[in-house]
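Below are two complexes that have chain A in common, paired first with chain B and then with chain C.
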Partner chain A sequence: MSETEQNLILAFETSCDETSVSVVKNGTEILSNMIATQVKSHQRFGGVVPEVASRHHVEIITMLITEALEKAGVTYQDLDAVAVTKGPGLVGALLIGISAAKAVAMAYNLPLIGTNHIAGHIKAANLVDKVEYPALALVVSGGHTELVSMKTPSDYEIIGDTRDDAAGESYDKVGRVMGINYPAGKTIDEMAHQGSETFDFPRAMMKEDNYDFSFSGLKSAFINTVHHADQVGETLDKNDLATSFQSAVVEVLVHKTVKAIAEYQPKTFILAGGVAANQGLRQALTEAINQQFPDLKVIIPPLRLCGDNAAMIGAAAYQQFLDQDFSDMSLNAEPGLEFPYEGE
Partner chain B sequence: MNVLAMSTATSQLSVALQTANRTVEKNRTDSRNHSIHLMPTITHILEQENLKLNDIQAVVVAQGPGSYTGVRIGVTAAKTMAKVLNKKLYGVSTLALLARNVLDSEALIVPVIDARNHNFFASAYSVDEEGHYSEQLKEQHIDFEGLVNQLRSKAVKLGKNKLIFVGESLKEQQSEFSDLFSKTEVKIEVAKDNLVHAELAISMLDQLTPENIDLFVPEYLRKTQAETDWAKTNGDHDGNQYVEEV
Partner chain C sequence: MQFVTQDESQTMAFGQQLGQLVTPKTLILLDGDLGAGKTTLTKGIATALGVKRPIKSPTFTIVREYLKGRLPLFHMDMYRLEDGDMSSIDLQSYFDQGPVIVMEWSVNVLDQLPEDYLRIKIERLDNEIDSTKRHFILEAIGEKNNELIEELKKTSFSG
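On to the complex of A and B.
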């Protein structure tokens, strides 16, 4: 690929309950980003059922491939590579994207790129603005809560992560206690804006000298508060509960992030992952950073690019394309894939 | 016509390629990890015959029943290849393939795939002297006793005094099956070849009709536990659109 040529990557994302196929140009421009969500299906069960998720992915995958190419206005011959999420995620779900991606790569003799899902969330920033390095990212989703340091576009190091529940997971768990349909994040976020902070929930690991998180204590405190009220026949204001819960989550996330920015001095900060769609978190982080680091470039992708989507995988895979970081046809799912920890 | 066939439905991987000159088949019984081995095996068999994937006119895949994850790997690969290269796609039952390992017009042929917890995916076939197979028992997910009962009455009805089971890891079950038929006239045998052969899928091509590729999904023969439980309290809503583009 010469400087003037364009690079087109067909990307697949099937790590959980969204099936997505996208065409991304030069790692920065979305030509198409088809997303099919299974959320209505899993709402029946109060959470994602892996076998059901895998079945849905097979139902829709080839339709999305066709649509992604049509919408992008490109043909298979125009493509330079095929990228796919190899992990982390649900193994059976990952395998659908991997099997489909391999089939396209083999059919058109294209290089195959196996991409880390979390790298995808972070690289969604490239679809919004130019990321300058070193960069720091806070990744918050249903499965992850981690601070990632990037010295270059190709290096990812975890400097802190959750010791128990992910932030998004704790939203779903307290949502269940309040009778909120899965996924609960968006509803709790909306409720939180209508209530006031009347409950004093714990902020875990605030004073510890590391960048790790813990949300299980908060979840337990929340559940105990609600159960206790139930037992004594007291009715609690759900909006106040939501506000108090969200304040505790956001405060810890902001505190640790600000501390990490102060130490690592990144040129760009990125908020990434499904929970990055949370308005309370977006506001609090933006305010804190504007106040303390007014010169820091902050990229918070729009809502559609915060949730799982294949465009972000195409964006991350572009760097791998430049690095010639290709996979062969034996690529397998890596459900527990993780970035290395700093210093490892 | 060049035809590519594959099965990833059981613990063994089978890939076959029919060319103008011959049909070749590659099998792997050493690994259950079809995601790793399927595509390299296809690459290998194509290279060996000096063909590219685009030189194929049709793709045939074992559609299930079998291991859910395994079936999905083959079905997804096959339907994607067929879709993006605009080739014909055919699905074939894993049990029908297994049945074709046995050619004995005296016997009731019983393909079975272990579905765990003492359950099986099973059906039954008869074959005439010209080698035409007829399905005698509908494919089903069934427990051991239920299967034996159905086989017993089917054998009587068809006047068969021999059952030949065909499928993986049947050696352990053979004595159990024999015991259950011990008071009857029915003789129990296990097939000599218990592997799923992709090559046989190619031989069945003239009996198959091309699939609608986008709508093609595995034949699981069983709802997920979560859906079964949900349907108990909420009724069946199979027409519902659970996946939607956003």
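On to the complex of A and C.
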């Protein structure tokens, strides 16, 4: 295919909360990115409800396809491929997207591409700027905290991972203790900017010679602090708690990321995933990198591309399109899909 | 059956002991507050099953599947299913695959559980928040799980 050719991918993302359909040109340009969020209907349950999620996905996905094509100003006949998140995620939710993608691929005789959700979060960077390789990404979300090394645009290797809770999950869990609604990340981030660091929470695995994370001890320390205060009838300043908690999370993430950059010498660093929306983390990481690696290209996708969306799947799928990494109609959901660990 | 573990390493050791005794379709319901040691116990079970990858919290993802051990292990957290109208969540399809299942917050799906299971309740001792001691209470439902408890009683965790 020539440089001037337009390759249009219709992409689906239904791995968890969101139902999203997008049209992406050449893996870099968003023609449309329709997202239907269900967070509101979930708030009273305290989280994701798979069965509610599945039903919701089915109801709106056909509507979203029409909208995505219209907004992009294209028809089915203009498309070059159909891409869909195959995992990780909730099996019921994933299957909705996969079924829709298969239906379109079959009806219009288009190649089908099954894409890794985490690759999507990382490749959202392509929608912002040109990624140069080797690249390194920190993926932080409700279910993931991973440092991913990419020697080429097609290779993903985990060099560091959480040993227990994901960073985003720890926000939701301490939020629960403070009576903050799910998802708690944004609220805690805001509170953290109004308090001061008065509690000395642990920073786990800082000295260990690896790139792994652990947030379970921090969660326990936080809960113990709050329970102790309750027992003796003391009221703690919630903003100070939030600041102290966020400092601990951010410090570990920044420390390990900087260490990995020093060793792997990437040409581009990408901050990806839902927690990349966290202002405290963005700020601290950007400052540390500017100071220590002033020449490193840093891409942090805008907030609207940090959460789950189909455009990021279209961006990741484009590389698979170039690699001719296609799936047949037996494509199935892979709820536990993970990148290989380095050297695995 | 009940006993006390002194610290996290003993909770882990008990998990490893238990992991050697589980069979396909063993369903373990794990009850305990945040920080009680549910993940530590699950790590012990996973280690005994030969799972090499870290056991990560399933709270956000609801299910985490570990397929590369002696038996497949599904770690599930039903916390987010706090809703009265979950009749069509397809838990049965997970049971049908015959893995060892460790399930947290099963109270949210009580009406969808099979008739035999091992319930493990982990409590902090003496209401001491910082204490590492944990009180374990095991309850077996079904013949297979009663046998499992008999085997456990022969170990150092006999209470």
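By definition in this document, the second predicted complex is superposed on the first by the 343 of 344 C-alpha atoms of A that agree within 3 Å, B and C clash if a C-alpha of one lies under 4 Å from a C-alpha of the other, contacts with A are read in each partner's own complex, and residues count from 1 in each chain.
The definition used in the following text is that a contact is a pair of C-beta atoms (placed from the backbone, for glycine too) under 8 Å apart; a residue touches a chain by one contact, two chains touch by 3 or more.
Source: prediction; values computed, not measured.
K.L.:
Return first, second, both or neither, reflecting whether A:Ala103 touches chain B, chain C, both chains, or no partner chain.
P.N.:
first
K.L.:
Taking the superposition on A as described, I'd like to know which of chain B and chain C A:His227 touches: first, second, both or neither.
P.N.:
Only chain C is touched by A:His227; chain B is not.
K.L.:
Counting only touches as set out at the top, which of chain B and chain C does A:Ile65 meet: first, second, both, neither?
P.N.:
In the superposed model, A:Ile65 contacts chain B only, not chain C.
K.L.:
Using the superposition on chain A described above, determine whether A:Gly92 touches chain B (first), chain C (second), both, or neither.
P.N.:
Both chain B and chain C are touched by A:Gly92.
K.L.:
Looking at the overlay, does A:Tyr133 come into contact with chain B only (first), chain C only (second), both, or neither?
P.N.:
neither
K.L.:
Let me test your reading of the model: by the given contact rule, A:Tyr76 touches which partner, first (chain B), second (chain C), both or neither?
P.N.:
Once the two structures are laid over each other on A, A:Tyr76 reaches chain B alone.
K.L.:
For A:Phe326, is the partner it touches chain B (first), chain C (second), both, or none of the two (neither)?
P.N.:
Neither partner.
K.L.:
Where does A:Phe293 make contact in the superposed view: on chain B (first), on chain C (second), on both, or on neither?
P.N.:
neither
K.L.:
Which positions of chain A sit in both the chain B and the chain C interface?
P.N.:
45, 49, 51-52, 91-92
K.L.:
Show which residues of chain A lie in contact with chain C when the two form their complex.
P.N.:
45-52, 88-92, 142-143, 161-166, 168-169, 172-173, 176-177, 212, 216, 219-220, 223-224, 227-228, 231, 335-336, 338, 341
K.L.:
Considering only the defined contacts, which chain C positions touch chain A in the complex?
P.N.:
Spelled out, the residues of chain C in touch with chain A are 34-35, 39, 53-57, 59-67, 79-83, 86, 88-90, 129-130.
K.L.:
Which part of chain B faces chain A closely enough to touch in the complex?
P.N.:
Of all residues in chain B, those touching chain A are 33, 35-40, 42-43, 52-54, 68-69, 72-73, 75-81, 83-85, 213-215, 217-218, 220, 224-227, 230, 234, 240-246.
K.L.:
Can you check the complex and tell me which residues of chain A touch chain B?
P.N.:
Interface residues on the chain A side: 19, 34-38, 40-41, 44-45, 49, 51-52, 54-56, 58-66, 76, 91-92, 95-96, 98-100, 102-104, 106-109, 328-333.
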